[in-house]
């Protein structure tokens, strides 16, 4: 089939450049590698005395957080500021929408203020797609986490981290452990690992925290931690939402830790040079033991560092994609074919 | 009478330059036209790849919001940042005043921090005037809406919009429709339209939403929508505050919409090229039908775009007025006449 | 004793440069004078048309406010912006820590985002010390007030103010009046005044608002206001926390004002050219009469102005101290002695 699938049609320009960043499904391996390569340059910026580049100077980035998340908001805010953008943060839950304005009217108003980018966090799966389909061509949309669907910048910073420590994805076995059912992070990671050519992706979870269609995830399913972790190169622990405990999905924190919490003992079944990752914030003694989180194989804090760089990369690439659209449009109008 | 009236004495320097922007009453037509002309340059800035000019670089703009308004705050914040100012936003209701400090002491402290401008939103009519009378000569005060009194930047962006689409004000008939009684926007619009030479200003509202002294407004009063809208060039719909519904002032939303809500049918009584405006956020199906809000005669979103430019104009003109005062003062001191 | 005491070991580099600013105890007179001299340059910046210097351009300053304080946060935010830093403000009480993350994990994450400075306000005495001991060498920590322990930038702006009006500290008698027991400000002021060589420091308070070890404060203790204020050059009034009234510590506001509130009458017992200071926000008619607060001897608002400059000085000196550490470390690694 040569027709691009819907999500890539929304995310890419006609000549394949990123213009929105919503989901990793259907994106190509070269594009993901381009993001990782671009991020590498921004990792250097973070190490300089002056951590600032002028790429987004005079651009307006609007943080549209329908669901609040201090950490994710902070990383995007820092990434935008290091790109020299002006940042406006809107806690939409408390703002104009509460005056009875529709979401679309809020968006139209922000567009009219000449916003260049919306960084969207939303409790509903698909909301950033809806927004990307509705915004004017000039405005780039970045998904900062939507419902149970996707968290693509998190997945890409994870890919950056894996490539940094493992040199690439070929032959790699990666295990993702924990609450797969509710995790937008896991969903995005599985897509990214498959696109980038990892040898095997495994998910490890109790049956109650696996989706009904677990077989369709694109990963091998394990309910036993020791079996699942056997011989892997990378272990990605997911954060266990405390709310799940209160529902009937889980027995107890202690029981979960005994069965799925990552300890040095369980980690010993992975490859000797396996790295340990976690999207944070970590629950010590729930999904991960402190001996592992603070141990020599943990790269959890490096993920955070790479995360700023990956967000700078995605933001600057999307703005650049939008500008190439603008230029193409201007050229068409010049030659009398557009309007 | 050659004596300048009190409000213009506060707002202007001795040689007639803007130094505060509090109310449109008593301002001259050339001054309002100067604001509109200055804004035109900033509309261009909003269309550029780098939406930033250095006019207020190194200046400190303090948003003093005693009444909260995400939208108005955002537009002033963006305007200030595009002028390269540093912006400090204070939600005064939750801040130092709650520690028992007086308003004056809060102001004096912000002045002592070398603030250059206060953007004031207040639930009490006249509060920005009080503040302007109290601040040190160096600090410019911009009214971002006070009680039922004035919202002059909103009115000026409306004037910009009208001039943009109609070329000027001569011969224009303008109808303002809705809750005139509680609207600071309407009050400022009527002043502006009369100063700029509109032929006729009409207000259209049920008796319960008209002030007792409606005849003194400077506008022709209509209680019938169809009669009032007849042959006008511009229809400005006001936002209906839901709170009014609960009081005895209004029958019901449905009844209000039937009598005063703007539909294509009612709009057909205006001139064929009449434009439709609204200060936002709009209540669809209450004061305006979606067919009109989203229709070809609506310029509601253009108002938002022009609003950033008008705020940039007013802010830069007031700072420039304050600086000319400073320079004059320095010259007087130099020549030995100062104190 | 030649060994540096613990607090100065944490705060200073091996060659005696400031790298954190946590407490004035054990700091040397030349260092405090260096801070005051550096601040003098920044007072000039605050008077310029463009109040901005590029010293912290491309640096990330994180305001970590565990205890909320709009005024202190605003002054640090303005100081950082005038140094051209990027500022991220975190209201920690409502943020990641509430997700069950430990303080240390929050710090490690912010470090991983390449933060250069933490400005810490905390309800617990010693928290900024704990943080300074834990952060990576690259990150400077500034104490913006911790429990009852210290508020060193407030004390240094007070010292700046005294030096500005009195020319120096030699021969000076300074009285600090009010709630000594709960005041971190008083504790820091007494340290600073003794280090800088004031002749006599007095504290004046009712017994219930004096610490049990008042004699160890480094100040002469008075319970009678008129006796205590006799012949002093500087009167520093402390803010009376209204909460204290409800506890059994104080009779009533009226009674406190009668005994300890600063009036012109009480002030007449000080030297004729004595200055009056207060950290703000003031309680008029509780600890200070308006006739004094607004009178010719009050320098309360000048303190605020100097406060921005002193914070700019401390922030730029600490960053510079950290950078000299980095450079020394790099040199050691170059010559093969590092690790």
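To keep things simple, chains are lettered A, B and C as they appear, and every chain counts its residues starting from 1.
To be clear about the criterion, contacts are C-beta pairs under 8 Å (C-beta built on N, C-alpha and C of every residue); 3 or more make two chains touch, one makes a residue touch a chain.
The structure presented is a predicted model; accordingly, all values stated were derived computationally and were not measured.
**Student:** Looking at where subunit A touches subunit C, is over half of the residue numbers used by both copies, so same, or under half, so different?
**Tutor:** Different: when the shared numbers are divided by all numbers used, the fraction is under half.
**Student:** What's the rotation angle, in degrees and to the nearest 5, for a C-alpha fit of subunit B onto subunit C?
**Tutor:** That rotation is 120 degrees, given to the nearest 5.
**Student:** In whole angstrom, what separates the CA-based centres of subunit A and subunit C?
**Tutor:** Taking the average C-alpha coordinate of subunit A and of subunit C, the gap between them is 41 Å.
**Student:** Note the residues in subunit C that touch 2 or more other chains, in rising order.
**Tutor:** none
**Student:** Over in the complex, which subunit A residues touch subunit B? Could you list them?
**Tutor:** Subunit A reaches subunit B through residues 57-60, 86, 88, 90, 94-96, 99-102, 105-106, 108-109, 111-114, 323.
**Student:** Under the definition above, what is the set of subunit A residues touching subunit C in their complex?
**Tutor:** Its residues touching subunit C are 46-52, 70-71, 74-75, 77-78, 81-82, 242, 280-284, 301-305, 307-308.
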